[in-house]
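So, here come the structures, one by one.
Two complexes, one shared chain (chain A), two partners (chain B, chain C).
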Partner chain A sequence: MDGVRVIEIKKSVFADNDRDAEALRAELKQRGVYLLNLMSSPGSGKTTTLIRTINLLKDKIRIAVMEADIDSDVDAVKIREATGIPSIQLHTGGMCHLDAEMTRQGLDNIALADADLVVLENVGNLVCPAEFDTGAVCNAMILSVPEGDDKPLKYPLMFSVCDVVVINKMDVLPYFDFDLERCREYVRLRNPKARVIPVCAKTGEGVDAFAAWLLEEVRKWKEE
Partner chain B sequence: MHELGIVFYIIRDVKQVAEENHVGHVSNVVMDIGEVSTVIPEYLTDCWRWAADREELLKGCGLKVNVIPAVTHCDGCGQDYGTVQHGKICPHCGSENTWLLRGNEVEIKEIEV
Partner chain C sequence: MDGVRVIEIKKSVFADNDRDAEALRAELKQRGVYLLNLMSSPGSGKTTTLIRTINLLKDKIRIAVMEADIDSDVDAVKIREATGIPSIQLHTGGMCHLDAEMTRQGLDNIALADADLVVLENVGNLVCPAEFDTGAVCNAMILSVPEGDDKPLKYPLMFSVCDVVVINKMDVLPYFDFDLERCREYVRLRNPKARVIPVCAKTGEGVDAFAAWLLEEVRKWKEE
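Take a look at the complex of A and B:
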């Protein structure tokens, strides 16, 4: 009988995905498409914030949305009805995140072909989506006031991969022990470059700042 | 909770290596998992058992996890310290100018065939 043979691999499980993501980003650069990966916990107001943002930008640039969820198409339908822009639903088949290959499959959809900005609304979850590079140009996340200002400490990876942290539901600030300055400090600890933008998606307050930042990002991506 | 997704990635990589090496069955897969990689070894091995047994190549194949302790390096004073005990701020000099030296690994180390 043969003995046991050991084959050394020494390879990160994420290596293939990281390679796919780099390839996708290079392709997006060539096509002049800006892909924003938007992440958050369930119920933080991703879809509402997105609708507000899209309505501020849709006359300036061509926008499309990919909604990723484990099941259902409620978000894709909601976006389409509220904004009139193309929106497709991706199902992750039970998985808690999207990877670069799933993102590419979504982007191959004809409805998204000529967009300047594609927003990927990732699965609501602060852990898993942070692990997988989707090929997006930029990662952003939404943290809502009721979740608490300590989340950057509890989910360090999510906050270190995001360049923008939108703080949503600012209208309920008086009812929660949420300290905005403390939150900024915690975010800075995870990623000194991260920009913090407080908004209230319900009233629209502050969303213009997020939209202006996004518009500038899209312009830079196309020109530089 | 992303352990099942990671298991599918591992299976894909192991299958590829097995094919390249003309291996018919794998008896053990050894992983290096960093202490702060957010992968929980117990969940990983549970998901592994479920998924691996569904593959001819990996029926009964074990998954051994080596946990790599997390170490952070401080650029302020040049010293290293345990990430899990002290977090982002250096316990030696109080600097925030620190970075993770190791402990974020999710690597397939080797397979036994």
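Take a look at the complex of A and C:
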């Protein structure tokens, strides 16, 4: 276990998730905390991308991470070991997504007064997490090259709720039939204002662009 | 559309999915139809693997395919064009999985008297589909090398309900930190009797082993 806190998340009792999410967002606004909901398929490189991003930003803003997973705690341990920032593990007990109330249960275990940015790493799944507003200020997703450039066609809701699509594993582009421009077009079909940021989390290439965008977002949120 | 039938699946009204799944399996047994439930993450290569498998088997047994997807029909069209076998598209209307009643709605649109094997390509998702018995005779899943060898640790239920784990995209093994032996161990932790079959669907390498296993399974099911 190595000291990472594991929070067992309970199923929500609230019927109106959208209202609950709005309330959470308003509360976060008041407290000056930016909540980023990071989604992806299993194995797209969410945790590695997050570690790179945190290491670029942790001297500029105060960050905490909530790792949602069905029942392991490897990601929270990995994040803490690689970045030194506070990281907790949320166990969903088999549930395939987090809603606003479940997110709040996680946030209750974070010292929000000491955080400018909280990143929620959602369950690896392109379907269910897209259906539930977590109360986050922004939804971002990671699509990795090996998954294919057609994913915005097949998981339309996920791409329409995300304002940033990070394309990871750009280093293996030569080995896959993945066309970045075609992917950009498909993303635009779902969300014309979505930003597409190609990165290679393994080497760190391109992650600075994502980090710079996120830093700017957090600053705007705190100042507005 | 190009003539592929698209079936809009309705949400089930049955409360007891396990009982419903057992009833469906018994009915399929009586009719001599083997139903394979094929699951995976988005982008793992389910459709490509399936096309290769079907082309190896279609002269030996009669096959039909049900492609479940949230709302596209590209996979059913692709299967039919590449194999010539009957293929229908099931639209789940945003639902993240199929249960036994939803599977039955699909089967109602297939000429079962002309099929020895029906393959259900489930929604791309490692969480929810694992929770619902579809009534299939066997669950199989595809894990692709870029997703990482740790997936059995992170999605335990999926690996425990599958009797076959096909490891796809073996051609890109040199570019990823994926250890096949470690993966076999993790799979065994979840399901000691699971068979692990490494393949490269792109080139076809290894798919003959999966096809041979499936052919044997179908024959046993029909004779037993």
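Rule of thumb we're sticking to: the second predicted complex is superposed on the first by the 205 of 224 C-alpha atoms of A that agree within 3 Å, B and C clash if a C-alpha of one lies under 4 Å from a C-alpha of the other, contacts with A are read in each partner's own complex, and residues count from 1 in each chain.
Quick note on the criterion: a contact is a pair of C-beta atoms (placed from the backbone, for glycine too) under 8 Å apart; a residue touches a chain by one contact, two chains touch by 3 or more.
Since the structure is predicted, the reported quantities are computational estimates derived from the model, not experimental observations.
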- [ ] For A:S41, decide between first (touching chain B), second (touching chain C), both and neither.
- [x] second
Open item on the list: Looking at A:C96, would you say it contacts chain B, chain C, both, or neither? Reply first, second, both or neither.
Closed with: both
Open item on the list: Output check: A:Q105 vs chain B and chain C. Expected answer is one of first, second, both, neither. What do you get?
Closed with: neither
Open item on the list: Looking at A:V6, would you say it contacts chain B, chain C, both, or neither? Reply first, second, both or neither.
Closed with: first
TODO: Quick one: classify A:V172 as touching chain B (first), chain C (second), both or neither.
DONE: second
Open item on the list: Once chain A of both complexes is superposed, is A:E131 in touch with chain B (first), chain C (second), both, or neither?
Closed with: both
Open item on the list: A:D16 in the overlay: touching chain B, chain C, both, or neither? Say first, second, both or neither.
Closed with: first
Task: Greater chain A contact set [chain C / chain B] - done: C
TODO: Quick one: classify A:L157 as touching chain B (first), chain C (second), both or neither.
DONE: both
Open item on the list: Which partner chains sit in contact with A:S144 here, chain B, chain C, both or neither? Use first/second/both/neither.
Closed with: second
Task: Those residues of chain A which chain B touches in one complex and chain C touches in the other - done: 96, 125, 127-128, 131, 156-157
- [ ] Note which residues of chain B are touching chain A in the complex, please.
- [x] 1-2, 4-6, 9-10, 12-14, 17, 21, 23, 27-28, 36, 38, 88, 96, 105-113
- [ ] Write out the stretch or stretches of chain C touching chain A in their complex.
- [x] 41-43, 69-72, 74, 94, 96, 123-128, 131, 144-148, 150-151, 153-157, 169, 171-172, 175-176
Task: Of all residues in chain A, those that touch chain B in their complex - done: 4-14, 16-17, 95-97, 99, 125, 127-128, 130-132, 156-157, 189-190
